[in-house]
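Before any comments, here is the structure.
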Amino acid sequence: MNVLESGVSELFVKPDIWNFRDWVHKNKHQAMTEKLMTEQEAVAKFVADGDSLGTELYGTVRAPMSLTREIIRQGKKHLKVAGQGITEIDFLLAADLVDTLDITYVAWEVYGISNILRRAVESGRVKTADWSNGAMAWRFKAAAMGVPFIPVLSMLGTDTFRYSAAKIVECPFTGQKVCLLPALFLDVGLIHVHRADKYGNCQIEGISGFAHELARASKKLIVSAEEIIDTEEIRKYPEHTIIPYYLVDAVVHAPFGSHPGEMCYRYWRDEEHLKNFLEDSKDPAKTKAYLDKYIYGVKNHEEYIKLIGMDRLKKLQAMIGGR
Amino acid sequence: MMAEYNETELLICIAARQMADNTTAFIGTGIPMLAAALAKKMHAPNLVPVFEFGGIGASLEKLPLGVGDSRTFHKAVAATGICDMMETAARGFIEYGFLGGAQIDMYGNLNTTIIGEKYWPPKVRLPGSGGANEVGSFCWKTIVIMRQHDKKRFVKKLDFLTTPGYLTGPGAREKAGLPPNTGPYRVVSNLGLMGFEEKTKRMILLATNPGITVQQVLDNTDFAMLVADKVVENEPPSEEELRILRTEVDPDRLYI
Amino acid sequence: MNVLESGVSELFVKPDIWNFRDWVHKNKHQAMTEKLMTEQEAVAKFVADGDSLGTELYGTVRAPMSLTREIIRQGKKHLKVAGQGITEIDFLLAADLVDTLDITYVAWEVYGISNILRRAVESGRVKTADWSNGAMAWRFKAAAMGVPFIPVLSMLGTDTFRYSAAKIVECPFTGQKVCLLPALFLDVGLIHVHRADKYGNCQIEGISGFAHELARASKKLIVSAEEIIDTEEIRKYPEHTIIPYYLVDAVVHAPFGSHPGEMCYRYWRDEEHLKNFLEDSKDPAKTKAYLDKYIYGVKNHEEYIKLIGMDRLKKLQAMIGGR
Amino acid sequence: MMAEYNETELLICIAARQMADNTTAFIGTGIPMLAAALAKKMHAPNLVPVFEFGGIGASLEKLPLGVGDSRTFHKAVAATGICDMMETAARGFIEYGFLGGAQIDMYGNLNTTIIGEKYWPPKVRLPGSGGANEVGSFCWKTIVIMRQHDKKRFVKKLDFLTTPGYLTGPGAREKAGLPPNTGPYRVVSNLGLMGFEEKTKRMILLATNPGITVQQVLDNTDFAMLVADKVVENEPPSEEELRILRTEVDPDRLYI
């Protein structure tokens, strides 16, 4: 294939579909098996040093925060992170567990840029390749399709393309320029959902972000759920299953698993907590103190919930909008 | 008597006025959300806000805090995902796209990635493209909000071209492979309202904000800004606009 | 782009995304407008001679049969049909309205091959290009993504590829062979759904087939619905909207719109009617008689329903399984 | 005393026995549906049937009439769409794929497109690939059902290669770009059970059906069929198999 232009950044994860297929065939259960376990068990079993890792959805929104905290607690390091997010990426960077970042956006939206990202990248500790938000989602989509790349018409003409690892070719049907994005197959994906059964069949309410794509792009998939439901419930509305069991390796029951982020129809985001962390994040020592208190200082998600306090969490529940 | 207002309120009102009724708009965090909500309650009740993580046609009764939060799809007509939204824009269904940037050049190209000469490690690491690259590539008309109009932000040369404006000028988008007949439409800054000259695709001053002179705009722009034959003065926020903004759009004063 | 091999069949519809975008921008409403109309109005307004046309789902399953019958009644001809189906394709072919067929599968599953297809294609009246079922769905997916092509790893090594209009290239990331499918942008798409509001926001129960993709691949989209619901219902569960209003040009209220096919959770397929048609289809005169009776002989879907009879339809309702 | 049975029942039973428990299987219309339902009730209760239009893990309490009908997702664990199913197979999640064909060659390649020498207009137009091409490309092991074993169907050369078996022999699938370690696994015909020889990838007779000789199989095959060192005779349907098949799987006798 005649390549007109290539992005100059390193391709941190090679788009090897044959390797993915073989891994799946050797390691995943085709039948429905029970996968309920704790965060500790799931992370110990399915996250390894050096893994490529992706989280969904987005820092303050339906994010797998209890899983992220457990990864930090267990000190899984040299991670290759697919960086779309806020809190979860900030945490991983602050704990110094990240080697490379396929970054599209790490910041606090209206509250501004991430101080932790700045320190991690400007110091040269973390290597980056840049992509657009669409590009990252499409890279997962390519992996979900089981193909090595996917064509898109964005990224073109920009430094975002130039400092990615994408390629531009000429379309053999129309002659137009097309940007090819390499599929992003992850070693581990983390997704927080509203409901799952013990086999890993999952339902999500509201927007689905890139859950469909990331779930299918992951060799190992750890799901945390606000609620564990009976499989009969799943079978009653099969069209609501966004993640079928065979994609899933571990199901973790994690009420308030997205805290300090929100979970639509369940609880609103903890604005005060987030603002305090954002303030702390300006200073490395205070950032460390935050991690010490909220992550290293608690044994597990249950203790974290106790530390935050049910009164506070009930208030967040009361603040969330209905349908 | 003229109502008092702050700069943020002015930016929101001017941004809101740029959106026609009966259109779709790709909405980012902050001012675009307030502008869309205000426009819906003023002249554009049928404006449809679209958010990058999947919310389509939300009521915007309560102001979202992020582009994925539950308010972006509260009472929405659809709640899908990021691929569907980006692809909807790719197929030409989204009229307006709202963007911001740390730097903008005369062709409306934007930088939100790094400050400094070296990509890595950079002098200053900014958030990255996020959805901006797709918004700037696919929406028919992009509207850029620049809260601070000065020479460090309206620059001759970007440190990094994150999101495409007209790139290097007429025909450059098409040559790069981007969709025809798209590109930057308006730039709303604290000093004035800019458009893009038809032939050269260069930024052109259309209107100054109340109390701001043309010369002030030019003095605060690093590149040679074109100036319309007749530069008008933007109307300040009306009492009606301010009332709706303060009592209905953002009663908790999260942004204003 | 260095093409290793090209399918030899004609590409009946060019994958022109710029044309699609411009058409959409000039012709579709971005705001929510009311689109309720009859089959007659919808077909008269939105189907033209020579159009490329696709139907979803599949002959006997949630198929837009009332719309298909109306197209035949109005004699829209020289159609370029995306051929995945049974009854609906047989009807269009029998009425001699089809010039070209991008075919993946036209047959009666366990009841065997289509006699009407045989007559139409073996006589040379209808030109064909062959594709796999996945390939056709992916061609719609490419169009839905707004790109001119999509890579897949099937079709390779076969005559199905050779007599398609696809191309094989080398992946610039991995060096492996990849089949590129041209996007299939349709002039008109027809989809039958369970529920829609008057603006065209649609919900589908059960499997969604390729509704997501075909809806997004169509310039003009006509939706028929078993039930018209209030927009408040749509807004209450926005995650159930598979087709948002802006994709839709016409909403037709068509109870039993999939007859003689089934509609999950609503009514079972009319086995006797289908078997009789299948028997009739063996003979051109009898086929014509069927069309005369059930299509040309009735003015509209309402009359068709009367002809079939509510007693019969109620029996089909009683035969369908619950959840 | 041996139970009486017809040829269809025999085919279903032999096909059912090929499927291991705790696996996923891509199920086509007809015999594969009955075989999967029978297998689930016999030795493979945890077999997960997958249907190309989106049904995953249906109960198969009632026999589907088509691969998209509501019985393919009745009490299923998921009901998605065709792209998701094909892509699930593409990513290596589906163990078995069931196929049928008008013609098969010694490498297990299948024709379901045309009969005759010319593609268009063809002598006989058959249905086309449908999902077969993806099933034959992506599933780890494909099982082919051939109801009529004769020289017109077990041919030296296909009129049209619709779905890939081993193509032209060892290494050919990989060379064409298809996934490694995939391909035809078994062929179930009314005369016997065939597999594929490891080294040559050629079809090899493993077992004959009750009352059928090896010679009869060879006489009814146009190509040179390999023969296993020890050809066994398939067990006829057991009374248990027949009882389940007739009273539970297909009590309305739609297929048997």
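By written order: A, B, C and D. Residues from 1 in each chain.
Keep this in mind: a residue touches a chain if its C-beta (ideal position, glycine included) is under 8 Å from a C-beta of that chain, and two chains touch if they have at least 3 such contacts.
Remember, it's a predicted structure, so these values are computed and weren't measured experimentally.
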item	value
Target chain D, source chain B, minimum contact steps	2
Between chain C and chain A, distance of the C-alpha-averaged centres to the nearest whole Å	36
Centre distance in Å when chain A and chain D are each reduced to the mean of their C-alpha atoms	39
Distance between the centres, which are taken as Cα means, of chain B and chain A, whole angstrom	28
Contacts with two or more other chains, residues of chain A listed in rising order	17-18, 145-147, 152-153, 176, 178, 206-208, 236, 238-239, 323
Where chain D touches two or more other chains at once, by residue number	55, 73, 75, 79-80, 83, 90, 138, 179
Touch-based graph of the chains, sorted into line, ring, star, complete or other	other
Touching pairs among all chains present in the structure	A-B, A-C, A-D, B-C, C-D
Chain D contact footprint on chain C (complex, rising order)	57-58, 60-62, 83, 103-107, 109-110, 113-114, 117-118, 121-124, 127-128, 130-135, 137-138, 141, 152-160, 163, 168, 176-179, 206-213, 262, 264-265, 268-269, 271, 320-321, 323
Chain C partner contacts - residues on chain B that touch it in the complex	21-24, 46-48, 55-57, 59, 73, 75-80, 83, 87-88, 90-93, 95, 138, 140, 179-181
Residue numbers on chain D that touch chain C, as the complex places them	29-30, 51-55, 62, 65-75, 79-83, 86, 90, 109, 113, 119-134, 137-138, 158, 160-164, 167, 172-173, 176-179, 255
Partner chain A, residues of chain C touching it in the complex	1-3, 11, 14-17, 145-153, 167, 169-174, 176, 178, 180, 182, 204-208, 236-239, 323
List of chain C residues in touch with chain B within their complex	17-18, 20-22, 24-25, 28-32, 144-147, 199, 201, 216, 231, 234-236, 238-239, 241, 244-247
